[in-house]
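Sharing a structure, written as structure tokens. Questions coming.
For clarity, chains are labelled A, B, C, D, E and F in written order, and residue numbers in each chain start from 1.
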Amino acid sequence: MMPDIPAWIALPATLLLIVGGLLTLVGSIGLLRLPNFFMRIHSVSMGNTLGVGCVLVASMLIASAVAQRPVIHELLITLFVVFTAPITAIVLMQAAIRRTKPPKQ
Amino acid sequence: MNAVLHASVWFAQLCFALAMVNAAIAMMRGPTAQDRVLALDTLYINGMLTLLLFGVRWTSFVHFEVAMLIALFGFVGSASLAMFLYRGEVIEP
Amino acid sequence: MSTLLRHLPVLPIVLPLVSGALLLFLPQGRTVLRSSVALLSTIAQVAIAAYLLYRLIVPQPGLLEHGVEVYVLGGWVAPYGIVLVVDRLSALMLALNAAIALPVHVYSLAHWDRVGVHYHSMLQFLLMGLNGAFLTGDLFNLFVFFEILLSASYGLLLHGSNAVRVKAGLHYVAVNLAGSLIFLIGVALIYGVAGTLNMADLGVQWAAMAPEHRSLFEAGVGILGIAFLIKAGIWPLNFWLPKTYTAASPPVAAMFAIMTKVGVYALLRMGSLLAIPEAPAPFAGPWLFYGTVATMWFGIVGMLAARQLTRLVSFSVIVSSGTLLAVIALGVTSATAPVLLYLIASVPAGTAFFLIAGMTERLRVNSVTEENMAPQPTTYTAFMAGEPHEVGDNEYDEVGVAIPAALAFLGMAFVSCTILTTGLPPLVGFMAKFSMISALLGAAMDQSSLDAWLLIVSLLAAGFAGLIALTKRGMRSFWSTGRTTPRLRFIEAVPVAFLILLCVTMTIAAGPVMNYLDSAAEWLHEPNAYIHAVLPTREVSP
Amino acid sequence: MTLYLVLLLPFVGALGAGLLRATARNVEAWLAGVVALSCAGILATYYPDMAAGRVVQVAVDWLPQYGLTFGLRLDGYAWMFAMLVTVIGALVVVYARYYMSPADPVPRFFSFLLAFMGSMLGVVLSGNLIQLVMFWELTSFTSFVLIAYWYHRTDARAGARMALTVTAAGGMCLLAGVLMMGHIAGSYDLDRVLAAADTIRAHALYPWLLTLVLLGAFTKSAQFPFHFWLPRAMAAPTPVSSYLHSATMVKAGVFLLARLWPILSGTDLWFAIVCSAGLASLLVGAYAATFQRDMKGVLAYSTISHLGLITLLLGMNSTLALVAAVFHMLNHATFKASLFMAAGIVDHETGTRDLKRLGGLYHAMPITATLAMVAAAAMAGVPLLNGFLSKEMFFAETIFAGEALWLRILLPATAILAGMFSVAYSARFIRQVFFGTAPGELPRTPHEPTRWMLLPSATLVLLCLLVGMLPGRTIGPVLDLATRAILNGERMPVYSLKVWHGLNMPLLMSAAAFIGGLAIHAWLTRLGHPEGVLTPLFRRFDGKRAFSILQVRLTRGATRLVNGISSTRLQTQLALIVVAVIAAASVATLGQLKVDLMTELAQIDPAFALLWVVGAACAIGAALQAKFHRLAALIMVGCAGLVTSLTFAWFSAPDLALTQVSVEVVTTVLLLLGLRWMPKRLAMELRNRDTMRARVRRVRDATLAIVAGLGMAMLAYVVLTQPAGPGIRDFIVKNALPGGGGHNIVNVILVDFRGFDTFGEITVLGIVALTIYKLLRRFRPAPEVMTSSAQKRDPARELPDPRDPVPKGVMLVPAIIGRLLLPMAGVVSVFFLLRGHNAPGGGFVGGLVMATGFIAQYLVNGTLWVESRLRIHPQYWIAGGLLCAAGAGCLAWFASLPFMSAIVWEPKLPLLGKLHLSSVLVFDLGVYLLVVGTTTLMLIALAHQSLRSHRRPAEAEEMTSVRMVR
Amino acid sequence: MKRIPVLLPLGLAVLWLVLTESLSWGNVALGLVLGFGMVLSFQNLRPVTPRFRRVHVGFGLLFKVLVDIVKSNIAVGRIVLGLTHGREVRSGFLDIPLDMRDPHGLAVLAMIVTATPGTVWSGLADDSSVLRLHVLDLQDPEAWIRTIKHRYEGPLREIFE
Amino acid sequence: MELIYSLAVGIFCACGVWLLLRPRTFQVILGLALLSYATNLFIFAMGRLTLDRPPLIDPNVVPDASMFDDPIPQALVLTAIVIGFATTALFLVMLIASRGFTGTDHVDGVEKDE
């Protein structure tokens, strides 16, 4: 069970979690709502960036509070996500360009 | 205060689950292969976020490794799918 | 010395693994070195198995003093850790395995070990898997060893891959993957109910199990039983078997002769340990018996229909599996020792037969060339330690120097194997069949069991059908006019001769052999001794 | 002990003969002859014992647990038969020496002949019924190879096979019968069985065992309706026929009937079966013999007839008939062997045995003719010859055999009829060969053969005469001691062996037979002897044809049946497995499981439910898409894996989640690498989808799938809702830290408690990787795959040049980032490896991370680029890993602990402090190395397939040079 | 004789320390060993290594990127939810001339572009002179070009070239 | 939760069996993959379901079996995952080879109707 967490940590964490959840959800809604792949790929990166960021910060806050020391290894996740996301994005985009007629500018 | 935090965890978890459902729908629907790959990528990210939430929910560190692994190598699956779509094979000569 | 001896039970597993791994380090070009390392390992396994048997027959203080040795791996006693158990049955199986491995190994040195890469490693891994399966006292560990021997068998089946092998291999792999999943489900269910994986402990748990758990446990055992039966080749789950065995290269098929017996062994072992107070429903029901008799008849019909020697022998393997299982399933206690004799008689015969088939293939002029194709230039140089060279683009190219009277030898070997397989006098196959029927007659005549009669008739029919089919096949191979002069190598003839001599020895020493088997059967029917050896503090009260 | 020599010598001789050179005809013959005569000589030394009515027995235990001893039992009857076997054997050897052509490979002949002699002696001398059956089958086998001696001839092969099939089948029946007898008697020992004769006859299964034993005897002795193999066996060289098919092997059946006579006879059933078989054979044989063209054919059918006579006598349940039977066994052996020899001489000298082509040989070969005439007369039952005596006894017995009126008429009438035919064919045999004129040119000019070839025949004819004229002096004692031995001295009948018994009924019958026979012969001669193997009357009962038709039908039927009850389709096989599993689980659980759905509904977590909505959708989607949208299905399966992994994490299994995720990634790449080689789906298959059969099959599969799914769900649910028993986990949890030294219990189990499983599991991985490598080395892709993939390739893009430090354009950024990932992956992998014992991770995950790092290099840089800069040698990683793990296990031996025991070493180092080194870590390192090796080997070997298929020879050369420069 | 890389091994050592969450001497040493070991063993696979000039510029860039990420997240979120006040969203490709040639600089630029919702990296000329972006809401192409070139490319060139 | 979990196992199993019985090699391999997920989940279920009790020992607390999820099924699943991975890889290569040798991706190596 969750030990007591001071409010000055719990409050921002709560906010971050809610924002992160919403951002990710909105991003995924874009997957369904936006008309073509080239637009959908943008909405997904919402969850990829700020959504992840919010949850990570929240997690860091709470973990630090619980462990009574700064817990920063969540940063690694940020690092890895930022690092690797371009690979998929670039190649996938190229694939889409080759496989479809891009919409007119 | 914990109750609020707990509720927000619960809420976020629901959000991610719904996001996963959206992604799954997108994956079923397609219509193109790249859409499905994108959906898979989204699922991976949401899975990772769900794991991070476990950490908050149960204040344990044990799920961090899994999340980190997804962050580091979750891309390999979708990237190789993308490569396959892009050039017809995953690994070029 | 005596403390070192205590580690003997684990050596049949570790030794082939280490030598198989070492072979990967040796450059592919050093054929002689590689063969010697592998052969040494096989010989050592023969020696170990023989020594274990010796200790069982002539008990001495120390190792196997009380007819059973429990090797506690990692120092974690059963049921918490994994144990290896050497008892009369497992030692027998070890010896049987070693006894066919050595000739097969020698035989393949003539040519077959070079038609593809890593043959020796694969063979060693297969031996490791077989030895492990016979030794282990833990159900999940049994699964692991099944996987080892299966994956090695995949590799060996595809050795010298051609279209036929790959096609057969696909089915073989698919069926066995399904079988492995079934195995896992069965083991899991058993653990879920009994909370343990040690086979002896399972016997204990089963005897004391609450009624509401029994049916789940029985379901687990039933599912597990199906996995064993697939491996043992029961009809109608055995359609993969003739195809696979026919497609495999001769030494590999020869080694496969013992693979079905692993399933039989597992059933025998589990059946023995779960027999108190009464066998679980899937083990006890008559369906197993009828299934196995159907298997026998399937094999019989298949033998009559087979047009190819290897296919015929494959069906005879099915018959022998069916026979073993049928006798076990009938539950005639006095037939256990005879059925073990049948086991140790039929396996070397099957092995020798596959080896002979490999040689008689040559009587027909190179017929396999269409399957062979030169491998494309490989590109592995970048990450492999030098491209291993293969000689075997044509599987039958190096036929070697003819030994005198090659045809006579082949003919005599064929006849001996026919006699062994069909259970005709005077070799050990007959002794086995005779003693089985003799034991079954007890049930048939004194308890007027129709099932026993059915089995007796099937046994005789199997022998007769085998005779008809094999003479037809043999006449076509040896007495046809259009064949070429047979040429065979000494190194191929010796293993066959060895196997036949082994059977002859067993024939002559039938009495002592039967003494051993009697004690093994007695041991199987008295699982408390096994349980007590593995779990010193527990016992099952019937 | 010398008795053993009698049995041993022939087999040793056979071995010796087999090893001699093919041209050593004289040595072979000497060897065989000496063996036969030595045996006879040894046997002769036992005559005093026999005469005194003693039974000589020697035995050693063979399979004592089952009552099988290896023993010899020599009584009068066995002695008589053994003498017959050895003496005639010696004569046949002499005959064969001159009969066989120099071109024939005689070692095989004499070797098999001696082996047969040994087997026959074994049958005769066995004191144990099982042992008797063993030798019985051996005679079948040796006779098979002897008949097929000239195996290049179709008729020889077919005849041999038929003989073997029939006699071996009989042998099986005999075995069954003997086993039953032994079981009732409590022993297979002949004496004990004889002692239990009354019990056996009274047993409920007596009819069965009698039938089985008789089947054995009748097949061996060619009794109707199993007689058909014998004429076909005439394809054997004539010495074989004269030995096996007159004197010895075919006598084994009647020998056995007489041997078991005290046990089995005396019942109505015995009378009915044995007499009818004997009677039928007697008639059929005699009748058929009359119409044969082949000299040996006549003799073969006559043999059937005479054996029928013996059988009939044995069936009469009278001791006097038994004496007659034994007597006729001897007589028949002598005259028939002699006649076969004569037939062989004729064949040898003229080149044919066809009665139609032969004639007038008396002038060319008078001695042969004389010998043949005497022997034929004995066969016909002419007075002053041995055949007459036994036939008289037979006639006498037929009169008194039955009590019923019809029997009292039928039996004598049949006997006379058979006698008439016997006279007819004997007369014809002699007349058509030796008298009259040959219709045409013979293949060879006939002349008398060498004297040595005539000697055996002459000896036998002499015996016929001696016995015929002085029966009491010559054969009397032998017959007496033989019969006495059979009957065990009790119930010995009173009989007299005189040539002249006065004018009595039998003599009248003989006369009638003689006159009738000559009449038949005359009548048939006028008709010109109808053609054909058998007259139209017998066409329907042609056993030979029936046999061959049966054989063809058997093979065809078996093929059809085996195709019917098996399947080559993988789908069927897998469906059967599924059915079997469902059935096995149902047998145990049907109606036994209590499923309570209500208790659980409250605790459902909506997020988890949604997660599984995703999982289920992906699984079902994959199931539906896998055929036509493979990539989509693959993605969905990947998603299902992710959901699985999250589920593990959800329910407190981080290690599983970790492993599942990393495996998932690698598997996706793997499947993708394979996808490239799959063919395009064709429109044709779309059409196939809607055929009726396809639809039925789909419904069937869907039903199976749903039942299987429901079953598994139910099993899982029932277990999940039951409390877990104590099991072994408490011990493991308590000992993980103190005993296993790790905080991560799962890891402690993996490397310590159940480290042996892991040890095996990594072996599996290694084996599979090597197998994949093996398989791919010989791989050749389908041509159209290569072209289609070339088209997929962007025509504007060139293959990356291994010399470029960075790729141009699109792949630049992925390459730069990907390359940085490798060292990062290395560090992370070591992290997982080292901390695995205390936290989620371990060698397996670590290895997969490292391998994924390598794969990422291939992914972004291409194969050639990577491999021109880095050699991974996965094979060494695999070997190293295995040895490392095994070595870690063996370390324990140095501490006198069992394999895989954890050994801990905690050295104190300056600066670094106390280190915790454990063999467990070494073991995990082995796992790590192996996983790196296998994963890279699998994936890279697959990736190389593209390289191989794209590479042209010139390019290949260039690339090699590139590599050399590096 | 190649330059022995220092920065990456140190970075890896830091990665190790963050992962293990321990600052004991032994752990630091192990981290350094691992960092150098990994980098040196795979050195062949990294023929091009970055040269950092003005690292401090990076902090400013990081801040700017974070702000842009938040902004663009909001913008994209509105588009997804249809909160565009009826304005039609025109998405399309946009070619941007680049002066930066350093591959590592380009890689970081790719990370930035990817991390910022609304833009996706969709191609690079073979000589790296032109970058093609896909932009979700392409109102003012010139503004996008300016943003990329001045806000991101400039600082990156300062760092890497 | 138990109900959802069981249904999940059942659905995976059903889809796996369905695919396993299909005629195309790629369908079979995906079926095997799904079946092995189902099997792994099933094995895991044999330790019952627990939340927030990963089998990681806190050195300050005396361990008790009830404090942790049953670690043994977890270890078994790990082995099963690994072996499943290996066999999937093998089967994949088999089907590629079969395709190369026979020219078709039908499981029987011959084009047949479904």
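Keep in mind that, in the parts below, a residue touches a chain if its C-beta (ideal position, glycine included) is under 8 Å from a C-beta of that chain, and two chains touch if they have at least 3 such contacts.
It should be emphasised that the depicted structure is a prediction, and the values quoted were computed from it without experimental measurement.
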Fill in the blank from the handout: Touching both chain D and chain E we find A
Handout entry: chain C and chain B - chains in contact with each
Key = D, F
Exercise for the section: Using the touch definition up top, find the fewest steps from chain B to chain E. Expected result: 2
Practice task
Would you identify the chain whose C-alpha centroid lies closest to the centroid of all protein C-alpha atoms displayed?
Solution key: C
Completion exercise
Computed over C-alpha atoms, the centroid farthest from that of chain E is that of chain D
Fill in the blank from the handout: Comparing C-D with A-E, the one with more C-beta contacts is C-D
Exercise for the section: Using mean C-alpha positions as chain centres, tell me how far chain D is from chain F in Å, no decimals. Expected result: 40
Handout entry: Centre distance in Å when chain B and chain D are each reduced to the mean of their C-alpha atoms
Key = 59
Exercise for the section: Could you grab the centroid distance between chain A and chain F? Build each centroid from C-alpha atoms only and quote it in angstrom. Expected result: 30
Practice task
Please report how many Å separate the Cα centroid of chain B from that of chain F, as a whole number.
Solution key: 20
Handout entry: Where chain A touches two or more other chains, by residue
Key = 27, 29, 41, 48, 71, 73, 76, 83-87, 90-91, 94, 98
Exercise for the section: Could you list which residues of chain E touch at least two other chains? Expected result: 15, 19, 107, 110-111, 121, 123
Handout entry: Touching two or more other chains - residue numbers and ranges from chain C
Key = 140, 144, 147, 151, 154, 158, 161-162, 166, 170-171, 174, 178, 185, 189, 191-192, 197
Handout entry: Which pairs of chains touch, using the document's own definition
Key = A-B, A-D, A-E, B-D, B-F, C-D, C-F, D-E, D-F
Exercise for the section: Using the touch definition up top, name the residues of chain A that touch chain E in the complex. Expected result: 23, 26-27, 29-30, 33-34, 38-39, 41-43, 45-46, 48-50, 53, 71-73, 75-76, 82-83, 85-86, 89-90, 93-94, 97, 102-105
Handout entry: In the complex with chain F, residue positions of chain D that touch it
Key = 568-571, 574-575, 578, 597, 600-601, 603-605, 608-609, 612, 615-616, 619-620, 622-623, 626-627, 630, 633-634, 637, 640-641, 644, 647-648, 650-656, 659-660, 663, 666-667, 670-671, 673-675, 677-679, 685, 688-689, 691, 693-694, 697-698, 701-702, 704-706, 708-710, 712-717, 719-721, 723-724, 726-730, 732-734, 736-737, 743-746, 749-750, 753-754, 757-758, 761-762, 764-765, 768-769, 771-772, 775-776, 778-782, 785, 838-840, 844, 934, 938, 942, 945
Exercise for the section: Note which residues of chain B are touching chain D in the complex, please. Expected result: 10, 13-14, 16-18, 20-21, 23-25, 27-28, 30, 33, 36-37, 39-40, 43-44, 47, 50-51, 54, 61-63, 65-66, 68-70, 72-74, 76-77, 79-81, 83-85, 87-93
Problem - Footprint of chain A on chain E - complex, ascending - result: 15, 18-19, 21, 69-70, 73, 76-77, 79-82, 89, 91-94, 107, 110-111, 113-123, 134, 136, 138
Handout entry: Residue ranges of chain A touching chain D (in the complex, touch as defined)
Key = 83-84, 86-87, 90-91, 94, 98
